[in-house]
Structures are given as C-alpha cells and as structure tokens.
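The same chain A turns up in both complexes below, where it pairs with chain B and then with chain C.
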Partner chain A sequence: MPSLAEVGQLVVNGVMAGTILAVPAIGLTAIYAVLRFPNFALASHATIGAFAGYVANAKLGLPLLPSVAMAFVVAGGVGVVSDETVLKRFRPAGYVTTAIASIALTIALENVLRFIFGNELRGYDLPIQRDFRIGAIRVGPQQLDNLAIAGVAMAALFGFLAFTRTGKAMRAVADNPMLAAIKGIDADTIARVVNFVGMGLAGLGGMLIGLDTTIDPLTGFRSILSVFAAAVVGGLGSIPGALVGALTVGVGEELCLLFLSPDYRSAVGFVAILLVLTLRPRGILGQRAF
Partner chain B sequence: MTNGDVAANDARTTAHPLLVVEQVVAGYSAADEVLKGIDLRVETGEIVAILGPNGAGKSTLVKTLAGLIAPSRGSILLDGRPIAGRAPREISRAGVAYVPQEQNIFPTMSVRENLEMGGFLDPRNSARRIEQAFTRFPMLARRRRVQARALSGGERQVLAMAMALMVDPTLLLLDEPSAGLSPIAAQRLFDDIVAIHRGGVSIAMVEQNAHEALTIADRAYILVDGRNHRDGAAAALAADPDIRRVFLGG
Partner chain C sequence: MPQTPREPRRRFLASAGALALGGLAPALVRAQGEALQLGVLTPLTGAGGFDGPRMAKAMQAVIDEVNGNGGLLGRKIVLVVEDGQTNPEAAVRAARKLIDVTKVPAIMGTWASAVTSAVAPLCWESKTFLTTVSGADSITKLPHQGYLIRTQPNNHLQAGKHAEFIASMGVKRCFMMSIQAPFAQPTQSRATEVLKEKGSQMVGTLIYDKDKTTYRSEVDQALRANPDLIYLNGYAPDVTILLRDLYRAGYGGKRFAQSYAVTTKVLDSLPHEVTEGVITVQPSADVTSPAYELAKKRLGVAEPDSYETQATDWASLVSLAIAKAKTPTGTGIRDSVRSICQGSGQKVYSAVEGLKLLAQGKDINYEGASGPCDFTEIGDITDCKFRYNKVENGKFVLLKVA
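The block that comes next holds the complex of A and B.
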C-alpha cells in the first residue's frame, strides 16, 4: 500500500509535468483550431526548440530566460517556414493527407537535427540546486522555474488572444473561417501567426522537458503521444481544454507508477485517448475554443 | 416612405446606378451553373428585394455579388467600377457588406468582439461605430459581454447586420434575414432593416417572405431557374394577380 506522502509526491510531480506538457499541447490545439489538422510536426519543432535553447545556453552561455526565448523564436520561425514550404501545399487535399505529411515532415526535421548535432544526449548548463522540502514532499527549484515559465507563457497567450486585434482575428478564423474572410481577415496571415505561436510554444515546451532531463533528436518524438493525448482529452481545438487535459495526463502518468513499471508510463496517453474518444469524443471541455 | 428617399437621391444617381449586374453566369462549378445570365440594378437609396422559388439562384446571386463565387461570365459594376471576381475583402472595402443567411456570427466570441471583427477592415472607427451600434440596437449593448452563440435567432440576425454596418457600407446585401424567425421576431427585423435604410444605406435582400419583402422594398426581381422572371416596382408586383397566386399564396 503506497503511503500518503508517496501519492502526494506523485501528484505534485504530475502537476509539474502536466503544466509543462500543457505548453506544447496548447500549441497543437491552437494550430488545430485554426488550420483544422493535427500537426504532428510539433514533435520535431519541440526538439528544435530544445536544441535552440541548448545552443543559446550551453554554447553561447546565455542564462535561462533568454535561452527559453530563443527556443520559442527559433521553433516558431521554423514552424512558419515549414508550413509555408511544405504543409500548406497539402491542405487542399484534406486533413488526413496533411496530418500524414506532418509526420513525414517531423521525421525529416528530426534527421536534420541528427545530422547537425549527432545522437548523443546533451544537457543544459544550469547550476545544481538543492531541492525544497515541504513536509514529506520534495520540489526541485528547476521544476518551480519551469512551472513559472510555463505559467507566464500561457498567460501571455491568453492575453494575446483576449486583447490584441491579431489574437481576436485568430479566434474569429477558428470560429468561422468563411465569415472571417468576408470581414476581411486574411487567412494566410493568420495561418502564419498561429504557426509561429503554436510551434513557438512547442519549442518552449521541448526545452522545458529537456531542462528536467537531457535532450537528443528524439526528445519531441517521445513526448508527442502525451501532448496529443492532452489535447484530445481536453477537446482538440480548445485552449483551456489543452491545459485541463495536460494536467490530467501529467498526473495520470505519475500515478500509474504506483501500480506499473515506468516502462508502461506512455500507455497512460493511449488509454486516455481511448477512453475519451469512446466516452466523450469532443473532450472534457468540448469545442470551447477559448 | 422609401419613395421620398429615392426622389431625394435622384440627382446623385443620374451619373450611374450604385450596382449594375449584367448577364452574370455563375455557379459552384463549370458544370453546375446556377445563374444563367442575370441582370439586376440597385439605385442609390433603394431597397431591392430578390424573390423566387427554392433553387432559383437567389443566394448564389448575393454570394456572387459579395465575391464568394466568381462569375464565369457577365459584369458587375459598383459605382461604375467592375468588381466581378474580386476577393470578398476587396468588395467589402469597396463598400459592399454581406450578411450570410447562416453562420453569420462568431459563436464563441462576445457580442462586442463580434462587432470589432465586423469592423476589422476599418479599425480606426471601430470604437465609435460600436457605440453607434449599441445606441441603435440597445439589446446588443445590454448583451455586449455575452457569447454570441447564446443569442436568440432574431438577436443573431440583428448582431449580424450590426457587424455588417461596422464598415459603413453603401450597399448592404442580406440573404434571407427572416429565415427561421418567429413572425414577431421577423416583423421586428424588418423594422430594423427599414431603420438601417433610413440611415442612408442601400439594400439588396433575398427573402422567402415575399409579402413582407414587397412591403418594404422599392423594387423587386423575381428569379426562376437562374434567370430573370419578372421585375418592377414592389407595389406593382405585389398587386399583380399572377405574382399573388404563385408567390404570395393568393
């Protein structure tokens, strides 16, 4: 029988992991809301962000925050270019074709990274700090930093969508693309914005995942199932849904350690997708986009 | 009521009519031509009703005017300038505001945000025109923070028209504004349309409610199977025994 402290520790870890997971999940769901296809190339963009942050931090010696900003900007920029040059051409063929093309794209980009950086594991250059203890529960300072960065990124996105003209136009296209076109909102511009923001969040999330452990060309690919599960559980296309879904999947993955070997952790994502699609196909929060 | 406005506008309209549609052929594909050569004219200051049975091409006609469908042949002149085949955005900039029959709001955005998106092409005047819309339609002011999907059918139509007015159009295209509304809500909506027209906006409207449409319109066109069937002064058409029998139920 697991102790209460053990369960508490896993829940805390799950919330931390879930909040980080929420960042790329929100990116995936935002792109889905506007462009109406699941962009699996998110995996490689998360890795690209992780490596961009690594170059900034370990090679150029920048501190954490500018490195995180670099992860966002580089992944977002690559996201715009890769959509413009590759995925955009597939969109008229329908969402299944585009989604499959995005898988091919992610494998190609992953191999570009492998070509440049090789396969070995790399770590960020961060000071080692002692964990905090609150009662029986341990929390790493790095985890708290990650939590704060993820929180700020999500708050910034919320502000962007709620208060800026471009953010509102993005929601308008997600809501009713035909009417948005009639009102003069340029769909191509909005597609670029959502790719920059969505893939930027993927890159940021990739770096946050890497900060906890190490990175290699498969960093994003290993977490894409959890990211996808988070978005589906919350309701694909719903931004608050992605947050709720990410916390659910994050806590679920940690709590499963009570019963299962860590090897089976990724099964949680599969089971979550299976349950949601069977019982509540539109996800916990349904189609509520914002 | 409307005749006076037309007379007052005569001096301006002698140069060229606001909208001239000539021999327009259009449809959803080359093999499927819904419009088979339509002529239509809207003078400045008029309400023009577009009537006809289901499948006559009424909605296709306004979609073509709004730029959602490019005509394969024929010409469309707005204020003497050709607009056929232009993008909806450009046609909207030129002063034509189109209200689709369905899905004419952004459901998860607030009433106020919907109005902002209505004025997307003219952001500088947005705040002022939103206040004007709130004065003209107090219901929208009361419900400004409500998500648009929570509005009733009649309220949605009002919001959709208010969104179209956000760019201060010279011509308003309405596609079956009263479809699906209760008789009372429909009557209220027709009152709103007349009020908008009095504010100086010319209107071309498709309507299935032919009786009401002919009551508020100056002139009307009746389309059958993608072609002009009849046109003329609304009062004359409303009094015509053939029209009464076919379109007005006796």
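The block that comes next holds the complex of A and C.
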C-alpha cells in the first residue's frame, strides 16, 4: 500500500511536469483555435526556442530570464516566418494537408538546427541545485523556477486575450471567423499574432524542458506527442483546456506509477485521449477558445 | 541509411578494390592465379563506415605477414574486399558475389546485427564460414551449424562481467534502471544472477520509458530501495536526465553506465559535480596480451581498438584453421577452428607463429589481441576484457582493464 507521502510526491512531480507541458500545449491549442489545424511544426519551434535560449545563456552569457525571453521571441519570429512562407499556402487545401505539411516543416527545421549545432547534447550554463524537502515531499528549486515562469507566461496570455484589443480580436476569429471578418477584423494579422504567440510559447516550453534536461535537435520532437495529448484531452482549441489537459496528463502519468511499471508511463496520456474522446468527444473543457 | 547514388558507389567500389589490389599486387604476381581467396565484408560506408575500413586494414596486415612468411598451404592469400554498406540488402548482394562467384571459404567482418542476420543464412547454407562483431544475442542462436563465430561479447557476457565488477567494488545493494529496449530484461536478469553468486544483491530493477523530460518519480522509486550503486542502463539523452535527477535528489552512492551513454559530450553538457565519480564500461581489446603488442606494431597504431583487434584475430583464426584442416573449405575451418584457439596446445599470439608450430605437427592455442578467443558451442566468446573509466572533474580517468 503506497504511503500518503508517496502519493503526495507523485502529485507534486505531476503538477510540475504538467505545468511545463501546458506552455507548448497552450501554443498548439491557440493556433488550432484560430487557424483550425494541428500545427505539428510546434515540435521544431520548441527546439528552436530551446537553442535560442541556449545561445543567449551559454554563448552570450545572459541570465535565465532574458534567455527565456529570447527563446520566446526567436521561436515566435520563426513561427511567423515559417507560417507566412510555407504553411499559409497549404491552408486552402484543407487541414489534413496543412497538418502533414507542418510535419514536413518540422523535420526540415530540425535538420537546419542539426546542420548549425550538430547532434550532440548541450546543457545551459546554470548550476544544478539540490532539492529541498517540505515535510516528506521533495521539491526542486529549478522546478519551482520553471513553475513560476510557466505560470507568469500563462497569466500574461490570459491577460492578453481578456483585456487587449488584439486578444479580443483573436478570440473573435476563433469563435466565428466569418462574423469576425464582417466586423472588419483582418484574419491575416490575427494569424500572424497567433503564430507569434503560439510558437513563442512553444519556444518557451522547449527551453523549460531543456532547463530540466539537456537539449539536442530532437528535444521538441520527443515531447510533441505528450503536448498533443494534453491539448486533445483538455479540448483542442480551448486555452484553459490545454492547461487542464496538461495537468491531467502530467499527474495521471505520475500516479500510474503506483500500480504500473514506469515503462507504461507514456501509454497513460494516450489512454486518456481514448477515454476522453469516447466519453466527451470535445475534450474536458470543450472547444471554446477562452 | 541514406541511399548513395549508383555512380559514386561504383566509383567508390572501384577505388576501394584498386586500393586493396594495389597493396596485394606483388603477392598476386607471385601467386600466379593460385592464390587462396578469403572474403572480407565490412561496412566501408554507412553507419559502420568508421570501423569497417580499419577492420579491413587490420585483416590485410595479418595476411601480408602470413604471405611474407610463405603463405598458407603453400599458396598466397588474397583478400577480396566487398562493401556491406551497413545495409542488409547491399550486404546480401555482396555476400552472394563472394560465395557464388569468388567461392571464398570464409567471409570476415560483418558489423551491424541486421547485416549479420541477413548474411548468416547464405553462409551456413553454402558452408561458408562467417566471423562477426555484431552483438545481438539472437545471432549465435541462429541455426548456423557452427559456421559462425563472433568475437564481440554478447549481452549475456557483458551483463555478467559488469555484475562481477560491481560486486568486486564491495557494492552490497545494486539497483538497475534500464531504458525500454530489447536488452533491458536480459541484462537485468543476468546481472541479478551474478550479483547473487558474488555475495552482492540486486535490490530492485525498473524499466523506464524513453523520451521523458524528467525521471523524478523513477529516481524516487530507485532511492526507496536504498542502493549503494545504481546501474543506469540507457542511452545518452535519458542517462543525462537521470544523472541530473539523481544529483538533485541528493543521491550520494555510486553510478555505473555504458560508455556510449556517458560520452565526453555528455560530460561537457553537465556540471562537473553532477557527473563526478560516474563509472563507465566498454568492451576492450586485451591490452595486456602479447598479441596486442604485435597488433600495435603490425598496424603502426598506438592503441588499436576493440574492432581492429577483433579483425586481427579473425584473419589469424581463419588462416590457422585452414592450416590445421589442410584444406581451404568452410567446413574445414568450422571443424578445426576450436582446435587451434582453445585447449591445451602451446599458446601462440600471431598467425605466423601458429603456422610454424602447426607445420611441425604441434598443437596450438591462439590467444588473440581482442581476448583469449575461446568459443562456446554456438560461437560466442567465453571471456573478454572490459575497460572501466571513472569521471573525475569532468574527464575520464582509466580505472582498469579487466
């Protein structure tokens, strides 16, 4: 019988893993809400963010927060350019074609990174701190930093969507593109904004993953299925849903260790997708953007 | 593996062939068509492209030495080199050529397990002897009727040796964390068995999923067993995360991993305090053997590696087995190979030395540069050396070769 401390520890680990997963998941779902296709190029943009942060931190010697900002801006910028030059042309052909094109794009971008940086593992120039204990629960300072960064990024996004004119326009396009067009909202501008924000979040998420591990050209690709699972479980297209979905997948994957061997951990996210889609096809929070 | 366009490949083969023949030109002239041809099928391109050419060169060096001392059965030996391309389909075509056209009695040098698995059936069906470095346990379990030997330690031997070393360090409680891979379960079972025999204990094992961003919960599970050594049996990306998570968790015990999981690049990517004291292991040439010294001189290389020494041993074993059988056939090699490399005969460390004694009618026991070259019934080596390194201040320091 597992002890209460053991369960508590798993929940804490799950919340931390889930929060990091939530950042790129929100990016994925935001892009889906507005542009109506699952953009798998998120994987390479997460890696681009991780490498942009690496260059800022390990090469230029910047501290953590400016490096994180760099990850967001560079990945967001590349997101806008790659959408304008590649994916935009595929959109009239339907979402399946665009989604497949996004897979091709992600592999191409990954190989550009491989060409520039090579295949080897790289780590940020940050000390690794020992964990501390609160009662019987072990908590890592790095995880707390990540939690805070993810929390602030998500709060900023919610603020942007709720209170700014552009944010409201984004929600309008997500809710009803035709009505938004009639009201004079320029869909192209909104597409650029959502790509910048969505891929920026992916880049930020990639860097957060890298802070906890090391980075290589496959950093984003390794996590994309879990990110996708989180977004689908929460309701693809729902931004709060992505957060709920990520936490569900994160905590679920950890709690399964109570009765399953760790090699089945990834399966939990996908069993969750099957269950949610069977019982609640639109995801936990449905598909309303906000 | 990327497809190489046809033309460059032909050009490459032509130049590789010219290179091989160039080295042999004097031998060919003297042999005047009576040369004894042996097949070499190493990857000269593809993933094995780094090891293959060096292996071919090591075999050529042994054959040159044998030819310089009167050849074999009164004939000169010629190596016919084909490129396996680290690709089963290309390797099968090359093997067919060696078997059907050149009619070699032996093929030496398959590298990737997938290639060996594809080529081996052609060999045993045509009674051609095959020597390989492929490590997958399944290879020697094929129904090869004795037409195959491998000088690379298989998984079973490696796990047993690692466990012996761990026990010899005075470790009482070992925990093994393995990535989900075909070798995970067999390694855990064998290590558990040997640790118990040596008075140590495997206090727990787990198999983890690859591609996770954190292994905190897995680390917690391992630490609950209170181990004084954790064997991290995975690949570089996941072992890096495990090392970080173990450090964060404040684990102060020993950590042990394969050298391909903790590379110099991994050491560069992690702070020194995280990797301090990690012990790594890899199969090693027998650096203490006189055969190793001879290989060094023959190759003009300061430290021949495991692959070069294994290739040295194949060329020697095949030459000696043919001399013993007195006939250059695959079946002859199969039937006599164990009588020249194991048993109570006089120890020899090179093909030339062995050929002289065989000519005098004496029994020999070839001891190789890669190891003692004693084989089980199914063609696996019974023993081999391993190199153990320890990480100190972000650098590898040799602990021992044993």
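As a working rule, the second predicted complex is superposed on the first by the 285 of 290 C-alpha atoms of A that agree within 3 Å, B and C clash if a C-alpha of one lies under 4 Å from a C-alpha of the other, contacts with A are read in each partner's own complex, and residues count from 1 in each chain.
Definition applied: a contact is a pair of C-beta atoms (placed from the backbone, for glycine too) under 8 Å apart; a residue touches a chain by one contact, two chains touch by 3 or more.
The structure displayed is predicted, hence computed values, not measured ones.
K.L.:
With both complexes overlaid on chain A, does A:171 touch chain B (first), chain C (second), both or neither?
P.N.:
A:171 sits against chain B, while chain C stays out of touch.
K.L.:
Who does A:261 touch here: chain B (first), chain C (second), both, or neither?
P.N.:
second
K.L.:
If you tally the residues of chain A touched by each partner, is the higher count for chain B or for chain C?
P.N.:
Larger number of chain A residues touched: C.
K.L.:
Name the contact category of A:17: first (chain B only), second (chain C only), both, or neither.
P.N.:
Touch status of A:17: second partner only.
K.L.:
Look at A:84 in the shared chain and tell me whether it touches chain B only, chain C only, both, or neither; answer first, second, both or neither.
P.N.:
Neither partner.
K.L.:
Does chain B (first) or chain C (second) touch A:181, or do both, or does neither?
P.N.:
first
K.L.:
Report for A:145: first if it touches chain B alone, second if chain C alone, otherwise both or neither.
P.N.:
neither
K.L.:
Which partner does A:120 contact after superposing on A: first (chain B), second (chain C), both, neither?
P.N.:
In the superposed model, A:120 contacts chain C only, not chain B.
K.L.:
Contact-wise, after the overlay, does A:209 reach chain B, chain C, both or neither (first, second, both, neither)?
P.N.:
After superposing on A, A:209 lies in contact with chain C but is clear of chain B.
K.L.:
Identify the overlap between the chain B-contacting and the chain C-contacting residues of chain A.
P.N.:
In chain A, nothing is touched by chain B and also by chain C.
K.L.:
Under the definition above, what is the set of chain A residues touching chain B in their complex?
P.N.:
Result: residues 165, 168-169, 171-172, 175-176, 178-186, 287-290 of chain A touch chain B.
K.L.:
Quick check on the complex: what are the chain C residues that touch chain A?
P.N.:
180, 206-209, 211-214, 216-218, 220-221, 236-237, 240-241, 244, 247-250, 265-266, 268-271, 273-274
K.L.:
Can you tell me which positions in chain B touch chain A when the two form their complex?
P.N.:
66, 68, 88-89, 92-93, 98, 100, 103-109, 113, 116-118, 120-121, 123, 163
K.L.:
Would you tell me which residues of chain A are touching chain C in their complex?
P.N.:
Per the stated touch rule, the residues are 6, 9-10, 13, 16-17, 20, 120-123, 127-131, 138, 140, 142, 209, 212-214, 216, 218, 222-223, 254, 257, 261-266.
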